[in-house]
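Look at the two complexes coming up: chain A is in both, with chain B in one and chain C in the other.
Now for the complex of A and B:
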């Protein structure tokens, strides 16, 4: 009751966005502001046109009020994403992507498409990368056992997507296997 | 005219550049996840980490009263500063959106705190009977949580007795029966449930269900049953993702 059932098994994407919004981005402020102490640290002063690093939530807030321009992170451009897409489609393993790329990319595409070069192409590339990685996750399902599963280079949103199924699957496999109990005496009583 | 304290604190605050920078990603980077030093985490980032761990773990984790206390104090200070600024008639445009930013952040912190407490409350109510019976869990709960667990367990017991159990024949009245192949009547935390663990630093070897040892390097993510990483999680070497 304290926690609604929809939140009990997994994290919702908006919550993942909240966590991702703590990351720092560079902005070009259009107004000035003195150095201010927030709970997560002191930011500013904002002196146009010098660039400044602020958390993503602050940057998107300012952008929505048209008080800054956001400098896209180094991985959010067409060349980088195209190169990654090529790697995804040719390599059987997951390529390296920033851990919270899906959340950060969504926020920036929603709030600041004018600060990105070619937002439509970026959207398409991200969609293709996501589909390629999803296909690989599906294949990774065959490696699931009661023991452990290594997931190199998987990102936050993708883990969240596969979580319910993989957790249930591994749970069932654990029950089926009935190995000798682990050292923990509590678990012994459960089995 | 004395300014609000958050401006003074800002002037004397140390420069911190320690949050997760959206770093450069040269093509051949070795790390799998953007590296983050545990020692440089701000209190809010620590709370977010504990919140995520609590959401994913099937068992109750040790509560973080000190961290919560610090953050609540900070929120109170920020809110009172905002009140001061708003009451001041000659605040300019710049002040207005500064106030707005401070308030936005306060809302974010409050949301995480609320969600953290709700998650713990849900687990406590679920395992209330188990908690009342097992003293070793008591150190993970705060005093208020423990009191609540005990009262809740008593209430639920009383309710079951009044509504159903007292009308049953003697042998079937117990709420402690253990039937083979069924889970016990008292809900217990399921430490076999798989979780995704992310190593924050190189970890000592851990024993997997089939007996083999496995070691996690910094930045790896792995899907294992909870009890395998429980000790590492309590020591802070691993986080749930």
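Now for the complex of A and C:
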């Protein structure tokens, strides 16, 4: 199957969302369910009103059918995100964010805004954080080297977005850079 | 721009002509210059394409001079402001300036080759942030509002982009567009 060039080295955002949905979140179920086996593992039993940990895909499914309430993860609140935003705007390096925060946050904001305190503010904070990080990755672009690149604390969606052209740019630089070592003319090797 | 035999970019980049001085007599090959038949005398100057010149220089049948796209005038312009030079205008046929430069670099001895490599990498690194910026800017616009985007400088830069830069532009634009579209879709209607 012929993939378009930008997909040859990266995956699509909905696929990343699917991968992120395997993460466990806590829910407060409103219905009962026995311990059931799914493909990825056995979850339950659900005994309201006891909290239970289930995968995100199951939580959002139940939520859309109004059969549970989702407990937001510890990082998805205004104070935490504000503190991170401050760190993001003052530090030149990327601050630590949960690896799949973009996907998890988007799903929770979509299906369960009533379970979060102040979802509008959270949306705005996430957008600001994302823009601050994008500006930093753009700076990292100008320091592109053909040998190595280190961008610590970058998150899954961001990596996926910059991977195609970062990798291609590095390979172009590899072709263009000539090391001082002597080149065997018969080998026709590029450095 | 690889050493891959089948790489279309390499084939196009190699198709440029350079000025070569033959060191020996070559009988019956006068038509290489296009037109006149007869012999090539030693010390005569002929314009031949790079893929042919490569073998001739390695087998020591000819010498060559650095072609116009990499002359001192161009290098000075690049030193002054890399982003204002129109790379696609320097070479014909859609412009593969970097690929052409790389082939020339492989033909040179160490010192001029490193110099040329420095010019190429510096130019690439200086232009890359602009390429990516424009790509991300275009990712957010819909197809209909194309002309409103440019001020004259940005549009001129886009036209002056070399083939390799155009590939990077497309990669960046595609991945940015895809990520942006994902952020804007909402799950609620779908599930």
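Note that the second predicted complex is superposed on the first by the 170 of 191 C-alpha atoms of A that agree within 3 Å, B and C clash if a C-alpha of one lies under 4 Å from a C-alpha of the other, contacts with A are read in each partner's own complex, and residues count from 1 in each chain.
Going forward, a residue touches a chain if its C-beta (ideal position, glycine included) is under 8 Å from a C-beta of that chain, and two chains touch if they have at least 3 such contacts.
A quick note: this is a predicted structure, and the numbers were derived from the prediction, not measured.
By the document's definition of touching, of the two partners only chain B reaches A:149; chain C does not.
By the touch criterion stated above, A:138 is placed in contact with chain C alone, chain B being left untouched. Residue contacts after overlaying the shared chain place A:23 against chain B, while chain C stays out of touching range. Touch criterion met: A:11 reaches chain B, while chain C stays clear of it.
In the superposition on chain A, A:61 makes contact with both chain B and chain C. With both structures placed on the common chain, the touch criterion links A:159 to chain B but leaves chain C unconnected. Once chain A of one complex is fitted onto chain A of the other, the partner contacts of A:172 are limited to chain C, with no touch recorded for chain B.
In the superposed model, A:98 makes contact with chain B only, not with chain C. When both complexes are aligned on chain A by C-alpha atoms, chain A residues 7, 61, 144, 163, 175, 177, 182-183, 189-190 touch chain B in the first and chain C in the second. On the chain A side of its complex with chain B, the touching residues are 1-3, 7-8, 11, 15, 18-19, 21-25, 31-42, 44, 53, 55, 57-58, 61-62, 65, 67, 73-75, 80, 83, 96, 98-99, 104, 144, 146-154, 156, 159, 163, 166-167, 170-171, 174-175, 177, 179, 182-184, 186-187, 189-190.
Within the complex, the chain C residues that touch chain A are 1-3, 58, 98, 101-102, 105-106, 110, 113-114, 117, 120-121, 124-125, 128-129, 132-133, 135, 164, 167-168, 170-172, 174-176, 178-179, 181-183, 186-188, 191. The residues of chain B lying in touch with chain A in their complex are 6-7, 9-11, 13-17, 19-25, 27, 29, 32-34, 42-45, 48, 52, 55-56, 71, 74-75, 78, 94, 97-98, 100-102, 104-106, 108-109, 111-112, 115, 118-119, 121-122, 125, 183-184, 188-196, 207-212, 214, 220-225, 227-228, 230, 241. Chain contact summary for the complex, chain A toward chain C: residues 4-7, 10, 12-14, 17, 60-61, 64, 106-107, 110-111, 138, 141-142, 144, 157, 160-165, 168-169, 172-173, 175-178, 180, 182-183, 185, 188-190.
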